[in-house]
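To start, I am sharing the structure in question, which I have written as structure tokens.
Order as written gives the chain letters A, B, C and D; numbering starts at 1 within each chain.
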Amino acid sequence: MSQIKIGMVGGGAIARAHVLAYSSVPILHDLQVKPVLSNLAEANVDLAIQAASKLGFENHTADWRTLTSSSDIDLVDIVAPTYLHAEVAIDAAEHGKAILCEKPIATTAADAKKMYEAASRAGVVNGVGFNYRRLSAILLAKKLITEGALGKITQFRTNFLEDWASNPKMAFTWRYKKITAGGGALADLGSHIIDVSRFLMGEIKSVCGMQETFIENRKLPNDRSKSEQVDVDDYTTALVRFANGVPGTIETSWATVGRKVALQIEVNGSEGSVYYNFENPNDLHYYSGADPNDRQGHRTIIMGTAHPYGTSFTFPATGSGAGFQDSINNEIYEVVNAVMKRSSLAPSFYDGWKVNQVIEAIQESSSKKKWVDLE
Amino acid sequence: MSQIKIGMVGGGAIARAHVLAYSSVPILHDLQVKPVLSNLAEANVDLAIQAASKLGFENHTADWRTLTSSSDIDLVDIVAPTYLHAEVAIDAAEHGKAILCEKPIATTAADAKKMYEAASRAGVVNGVGFNYRRLSAILLAKKLITEGALGKITQFRTNFLEDWASNPKMAFTWRYKKITAGGGALADLGSHIIDVSRFLMGEIKSVCGMQETFIENRKLPNDRSKSEQVDVDDYTTALVRFANGVPGTIETSWATVGRKVALQIEVNGSEGSVYYNFENPNDLHYYSGADPNDRQGHRTIIMGTAHPYGTSFTFPATGSGAGFQDSINNEIYEVVNAVMKRSSLAPSFYDGWKVNQVIEAIQESSSKKKWVDLE
Amino acid sequence: MSQIKIGMVGGGAIARAHVLAYSSVPILHDLQVKPVLSNLAEANVDLAIQAASKLGFENHTADWRTLTSSSDIDLVDIVAPTYLHAEVAIDAAEHGKAILCEKPIATTAADAKKMYEAASRAGVVNGVGFNYRRLSAILLAKKLITEGALGKITQFRTNFLEDWASNPKMAFTWRYKKITAGGGALADLGSHIIDVSRFLMGEIKSVCGMQETFIENRKLPNDRSKSEQVDVDDYTTALVRFANGVPGTIETSWATVGRKVALQIEVNGSEGSVYYNFENPNDLHYYSGADPNDRQGHRTIIMGTAHPYGTSFTFPATGSGAGFQDSINNEIYEVVNAVMKRSSLAPSFYDGWKVNQVIEAIQESSSKKKWVDLE
Amino acid sequence: MSQIKIGMVGGGAIARAHVLAYSSVPILHDLQVKPVLSNLAEANVDLAIQAASKLGFENHTADWRTLTSSSDIDLVDIVAPTYLHAEVAIDAAEHGKAILCEKPIATTAADAKKMYEAASRAGVVNGVGFNYRRLSAILLAKKLITEGALGKITQFRTNFLEDWASNPKMAFTWRYKKITAGGGALADLGSHIIDVSRFLMGEIKSVCGMQETFIENRKLPNDRSKSEQVDVDDYTTALVRFANGVPGTIETSWATVGRKVALQIEVNGSEGSVYYNFENPNDLHYYSGADPNDRQGHRTIIMGTAHPYGTSFTFPATGSGAGFQDSINNEIYEVVNAVMKRSSLAPSFYDGWKVNQVIEAIQESSSKKKWVDLE
């Protein structure tokens, strides 16, 4: 069996999830290829040794260019902080590597565009870690929309609410600066729901946003006597108009006390509706106006073998899958499959670029207090 | 026992709910006064006879001025279409009557202001039928916010979604024209959640709205070969900024397939959160960040005798009350009590006027595609 | 319009609910008859004056025989403690009165049988206050079962859990003695779900129960230095076998901390299922195995105008009704209608007797630790 | 780093879940040992080659004795049909191997006892695949009970409902015969909830069960013209009395249409309650009677880093874990850890034996229609 050699840039929580997936997908799917954990780059030698050892990589390096330039790497998996994505990804593309990059793919739309162009020029497989659109329930929602089960779509609403940043004692990190993160909750969580919005509804045409920073200074992790200013949003909400004319809203916050991982979506149409909340990740709620008059109601459809990716849940029984790791497993399966077949991936760097454009439009609209059209 | 003589203008579904409440509140509360159903006005004699007979009024009239000018009426209860409110209410005020008026109180903020001024000038008790703020759960939410149980409020979100107007076969009525209704879903349902928003959060300072009409023509009820253009919103969503600085959103639609009476509210603060959905009207969901770390979660608090109005549920046991009629019973109790004691009521015509101002600001902002500040 | 003159025996919380219903049903329904609150009997003159005044009765009495023997009473509504039911009801029947009796109708099956026989002999309209089977959702469940939407019924489960008696400081009342109440939670709450079980599933053939008393002594209300022994169940659970062969369980407790009015029912069949919890009284959950394979799920059907009694909700809009008082309104409507038309009622004293038989069989089975067959 | 060599007997769905866990636990935990997939036995050579290749085992065999007797195997993981467990496990014990055995551990309590005795005699590490007690939510429930947060326990209820066997077209397998499976739904699903019951509440003292077979014949998989009789339960319900005196019920069915993996538990005490449903595996519902009077309610606690195993979720963020595979990961971690440290495991073969005793007592009680005491 042939191999795909993985070079990973970064060694944090998402690195771990990806590694678990690389070892799982050959078991969960019929794959004629084996992912090999070849090399891991981290910020310095100590971190690199530690992460490579923990995650099971054969080699380690403190210089990611070793990876991107190595003839021994097939796929560069970028799970580093956002500000590093563009440089690594462009170099990897120029060396002809397939690339999987975490979201958002860049801190600016301009950088994202460069990444997209570099990958296109090089003709390399390129994908983005928007894992939520890999969930069975989201794919079933997409199917219902596409089939027309909801009729003509009239309204759209999405939120992504978490609460870890509501703690004012949480230390400053690169996530709290625009230059390193590209934004706050909007870039981190909002990028996911912008991706899901585009996936389900198509392009966004114009936006009108409002952003807020609840906690304006955070202590430095290594010296709690000092603090650094936060210049990104804790909370963003925006009106949006899709290219197909449908109105909607997008809201995100990483400081909504009580909401842990509430990625919520509701799509309403003239004949039916769906809604979803990732806090119960296995359930899609579907209302059909075609049901008999006295027995209409939102159905709680529990994801299982009848649904997309249902037979490749870690345990293939209805109700036993579709959590966070399953979405990552599905993502990594698609990536490995595309690398093997040299086929195109969605979401790609193009999608990553489009998401960055929406982020910037919402930021601009918020600071100027006006509607902003996307090109 | 003294009496309060009721003159009702209108004989529809809300009239019925009010009548049920007038007969219930002396039993549910210790009241030293008895509401008497004295006179009912409808659009013509036939309708007036029919409604007065059905609802149990002593007299009927086809001319509401008979009511407002009668020395035998203490309280004028206006449950007629919106375009009639101002004229009836101002006349009633000028005759020194106490007034309860359905929502929104007028089709324009200018008219609403005139009603407010007339009532103030006359010094009469005046109230508005914003019944949802009479719900036990909303009053508990208010209490939690006021006590500081949520900490500093950071975000606010409300929706009011129904689906009866999603049916394109539903005939044209006065509700589908701005001149008679003051707006569509925003005036009808949105007025309720604007009232609840002001009740929980204080004044709204600026808004940016987006409106949509899904069904642009509706058949005439009496001649289905003809149709009339709808010039109001089926759907409205708006960013709002409260005077206290808190950001939020307000959304409403009467054409969201599957949502029956989904008045939803979520208030997030630095220490806790509450959310509510009227589709399960007895339940308030409350998250306290003060709970021990490993046992934090949204609590489903079922309304009962420990809660506001809990001892005056129709059946005073936890879980047995707090539906639509209970909110009306609570409203009518407060109105009767205020009339008896000549005390002021909240929500009053002042609140009704403020709600109309917000409605108009959202309408203006939507048509001009820009933020609009309220005076 | 003709009148039905009501004589009520008892003046507590259920009396209040019935009175509200008597005044509401002529408004909620097309009824060619007006219930008149004629006379109320209580345990002594003071209580009788107070209750009659509060509830709006024309007359009062400290001797219920005044009611049952009066030529001026059409319907005797017995809302007194259980131990009084039989004597009052039999006397009322012998005087040719229509009778509505609270549940359980007697403290023993033998007394219940006497009541049934007396009513049959006299040919009077007789009904029992099993109000939960008057709920829209339960009637929809019945309809789905009868239509075959669930296929062949395979399993049945019901619980009725409340928690007010979990408080050990709650004082002793007649409810805590078998001689006055006929049982504890099983007689009080269990009687309701036995009725609903029979309504949905038919007769119960055999039972095997287990009962428990959690709090064995309670202070006297008037002298907290003394306490009285409780000789009834706080908790009962039972295996049951229906005459149609279906197995199931019945469980009830009035001391289940956190459960307020959790009357729960689940009926499973070869083609579908329904479940219900009165804590969200408007919702019936229905699963149809006939739905397409990838979109099966329990539907939350919100009760409304498409459902039984939906047009006579206090406010006739989906999601606005079906609470406790609505079930009482429906019950009183059926009673008034039957009295007017001299038609038979269900549930009748026959049903009340059958429920008492099941209660006794569960009690016997529990004390003897063995299965008991019903005759 | 040292190694633990795994010999697996069986290659089905649970084998796959275990394999995924063996590769994940060194990454999710700090383990000074590496599990090695050494040898896999299946029923014949073809199946063995296929499963070993798919799951990544170094060797394969058609004779499980090769495994149990090999000096190269440390841990025998038995994921074969129930009727094979005893022989394999006893042989493995006699060869001094650590053993992990699927549930129920045997088709009879007598065999289970022999397994327990063999493992005790040999002094080998022994564990059972009761994975649900490895769930974070169940462990939090256990903690709350042990800490006294619920007060004195008064009632217990558990169900485990699935629906795959409700399809009459599902072919006959070894699961439908008592001699090969030890029972039907009761052995397959019921064994899990009996284990959880014992884990949370202690030993069961007496039972009174009722069993039912809904589909009495099933087609042979290889010759659909023939069918075989089913002699096990599709549905079992039982009253139970724990040794500590608490009453409760246990119910299970694999043919409850609409229920996919509804492992439900409710524990009620004098001061609080918990309930759980595996269909939303991340959520424990907890009611505290110690909360202020007007803000008591069931809290939905979402499992996360504050909870047992929370830092070893595949993705260590609240709301992102605690599905089926996480429970398996936790189980395999405990097994590997025990093998490495030669420490005892719970649940062990002792627990497996006790569960088989309860199963047999329920079966006996059901067939004799009487209560049965456990020794």
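Some observations on this one:
Everything that follows uses one rule, which is that a contact is a pair of C-beta atoms (placed from the backbone, for glycine too) under 8 Å apart; a residue touches a chain by one contact, two chains touch by 3 or more.
The model shown is predicted, which means the values in this text are computed figures rather than measured ones.
Taking A-C and C-D together, the chain pair joined by more C-beta contacts is C-D.
Centroid to centroid, with C-alpha atoms defining each point, chain A and chain D lie 35 Å apart. Chain C and chain D have Cα centroids lying 42 Å from one another. Distance from the chain A centre to the chain C centre is 54 Å, each centre being the mean of its Cα atoms. Contacts with at least two other chains are made by residues 283, 296-298, 302 of chain B. Chain contacts in this assembly form a complete graph, since each chain touches every other chain. Touching chain C in their complex are the following residues of chain B: 13, 16-17, 19-20, 23-24, 26-28, 54-56, 164, 260-262, 278-280, 282-283, 302, 304, 314-326, 328.
Those residues of chain B lying in contact with chain A across their complex are 150-151, 154-155, 157, 166, 208-210, 212, 214, 234-235, 237-239, 241, 247-249, 251, 253, 255-259, 268-273, 287, 289, 296-298, 369-371.
Here chain B touches chain D in the complex through residues 140, 143-144, 283-286, 288, 291, 293-302, 306-307, going by the rule given at the top.
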